[in-house]
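Letters A, B, C and D mark the chains as written, and numbering starts fresh at 1 in each.
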Amino acid sequence: MNKTRLEAFSDGVLAIIITIMVLEIKMPHDSSFAALSALLPTFFGYMLSFVFVGIYWVNHHHLVHVVNRVSAGIMWANLNLLFWLSLVPFATAWMGENHFAANTVAVYAVLLNVCGISYTILQRTIMSCHHLSNELLSAMKKQSKKGIVSLIGYTTALGFAFLQPIVSELLFVAVAILWLIPDKNIEQALKD
Amino acid sequence: MNKTRLEAFSDGVLAIIITIMVLEIKMPHDSSFAALSALLPTFFGYMLSFVFVGIYWVNHHHLVHVVNRVSAGIMWANLNLLFWLSLVPFATAWMGENHFAANTVAVYAVLLNVCGISYTILQRTIMSCHHLSNELLSAMKKQSKKGIVSLIGYTTALGFAFLQPIVSELLFVAVAILWLIPDKNIEQALKD
Amino acid sequence: MNKTRLEAFSDGVLAIIITIMVLEIKMPHDSSFAALSALLPTFFGYMLSFVFVGIYWVNHHHLVHVVNRVSAGIMWANLNLLFWLSLVPFATAWMGENHFAANTVAVYAVLLNVCGISYTILQRTIMSCHHLSNELLSAMKKQSKKGIVSLIGYTTALGFAFLQPIVSELLFVAVAILWLIPDKNIEQALKD
Amino acid sequence: MNKTRLEAFSDGVLAIIITIMVLEIKMPHDSSFAALSALLPTFFGYMLSFVFVGIYWVNHHHLVHVVNRVSAGIMWANLNLLFWLSLVPFATAWMGENHFAANTVAVYAVLLNVCGISYTILQRTIMSCHHLSNELLSAMKKQSKKGIVSLIGYTTALGFAFLQPIVSELLFVAVAILWLIPDKNIEQALKD
């Protein structure tokens, strides 16, 4: 079993997810800047989701790098992750079109939580059937910590969705920034 | 003739099929949970079809793995399979939007049958022009049995569509579960 | 300059072209078979275009196989071909939705002509900067003859569009069948 | 860290961007040529954007060719470029549908500017962490000059958008032609 097709298929699906979101930015009725600026919430949502899917792609890239034997378990854990990520364009558009209304922000927070858990399942599945070096294991554990902080962030965002949606959005941005900071440990461990 | 492009093209088409289905989940009119829950049949249909296309991807991955010479026959048998799979998003959306009405479930069952037969044609085409090991042949025969059980399942589902569509849906789920159980034989045979 | 990305990008674009056509099959208003059968012209158009794009993919596969040096000329001749092919979903949907009205069939015939000419340009560009074996050259010349017959077929179809569109459709089908017959020469020449 | 997935993912996203633009060419209401010709501005916009995205793909191909170590910085600079390019279909469709109205041309010019700057950022990121040969460096510097001329072209087009949008369009075409002229230097330098 080679992993080339696992990577190719995942790259294909992630590339489509990240790109079809832009189809949800509906054309304004006229050419005025007022009509264009009405799209700002949708645009902000698109940007946020683009960054989140981008983070998953970067992490997926790192994670699958250590795989050398693709089992059925890994294939299905991967498809499970892709399934939940494929719902991101829908949740993003619903949130943007309703100007970050409470319910939509809550659903978005739940979806990010489910995606995070699915990623963890994939990570565990891969770790359980590969003998990894100690450096890589400790780098992955550090990443798992980031993952737990993210889940706490999303869950807090879920709570604030019904109180102050703006706080939820700031929490989404904060989690994204947490992941944007390059992770020297994992790069170093993979290089060794 | 190398098989890299056969795999790349198939992965591309399967990735698009599995992802554009989500475009059929139409945005609710407002941000209420009632509007969202009205999408549940569509969502269930999407999930079912995602799993079916995922199963085809996993099996395709295994099947093409044994190919070492891509003939025109294999290319066209493959395009035939992709053609029928490309209709899955349409059939799924039609079924979801009409809340699993008899006709739509019947068409879905017919389509799954045609996809299954197309897969069998591809399998036969590949087997007829490759000398496969005995282990692989017996693993493939076991998979063919699963295929026949699936066709019986889909055909029974077709009959129940006009009596009790819910039975048809349960049959779809049962067939999906049949394929989700990892097939140790084929993995073992491919490894040898 | 390696050709991996030329192939990957072309496969990506062709995979999307062949798949997004299905998005043009608009959902029927209800679950009746009458509503479904109203989609038959659209479905027939989709099938025809799927086969045409499939033929281009198979031929492209053969053609790029002989490339070992990707020049800017080849990249642009390839993008030119992809551009015209990308209009196939539009022309197909317009033709299907208008039940093969004269104008739409004529535009479809013109587009197939332009695609054919673009393919010839790509073929010439590749042949002009590669030293090919005599077997391959004679196989390609045989394919060029098929190409000329196709252009004559499309042009005749263009004429009949305004007299008897059904004749044009039969000509499209005839050209497709011409290409579906496996080309042993090119496979043999590439193998040597 | 290998660059295969960076290329595969970028090719996927660029292939989708270049192809989904065609979905914005809305079906005419009837089969008359008058209805078809009403789509000419949209079609011209599509052609222009296809060429621009094609140029980015060709240059991206050249640029990533020199990469041998993919860092987190390169991945994010690449995602940043893909983000802005993903907005091209939206800007193109808005411009085409409003028949190149002043505002839409201005937004298109701004977007091309931002894409150009993002490309420069990716180029700088790659150059800063790779030791490149002198020939390659001088070829890249020549390309940077073309980039600066393009930015001047886009900015001038932005100014003319509110005076004479036709001048802006001619400037877009001129910049495209500038890039279509094959760059022998970079091909030569990459070959050495």
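Couple of notes before you dig in:
Basically, contacts are C-beta pairs under 8 Å (C-beta built on N, C-alpha and C of every residue); 3 or more make two chains touch, one makes a residue touch a chain.
In this text, all values refer to a predicted model and were calculated from it rather than measured experimentally.
Residues touching across the subunit C and subunit D pair largely diverge in numbering: under half of the numbers involved belong to both copies. Most remote chain with respect to subunit B, judged by CA-atom centres, is D.
Inter-chain spacing, taken between the CA centroids of subunit A and subunit C, is 37 Å.
Chain centres here are Cα averages; for subunit A and subunit B they lie 26 Å apart. For subunit C, the set of residues touching two or more other chains reads 8, 12, 15-16, 20, 23. For subunit C in complex with subunit D, the touching residues are 1-2, 4-5, 8-9, 12-13, 15-17, 20, 23-24, 71-73, 75-76, 79, 82-83, 86-87, 89-90, 93-94, 97-98, 101-104, 107. Per the touch definition, subunit B reaches subunit A in the complex via residues 7-8, 11-12, 14-16, 18-20, 22-23, 25, 27-28, 30-33, 36, 47, 50, 54, 57-58, 61, 65, 180, 182-183, 187, 190-191.
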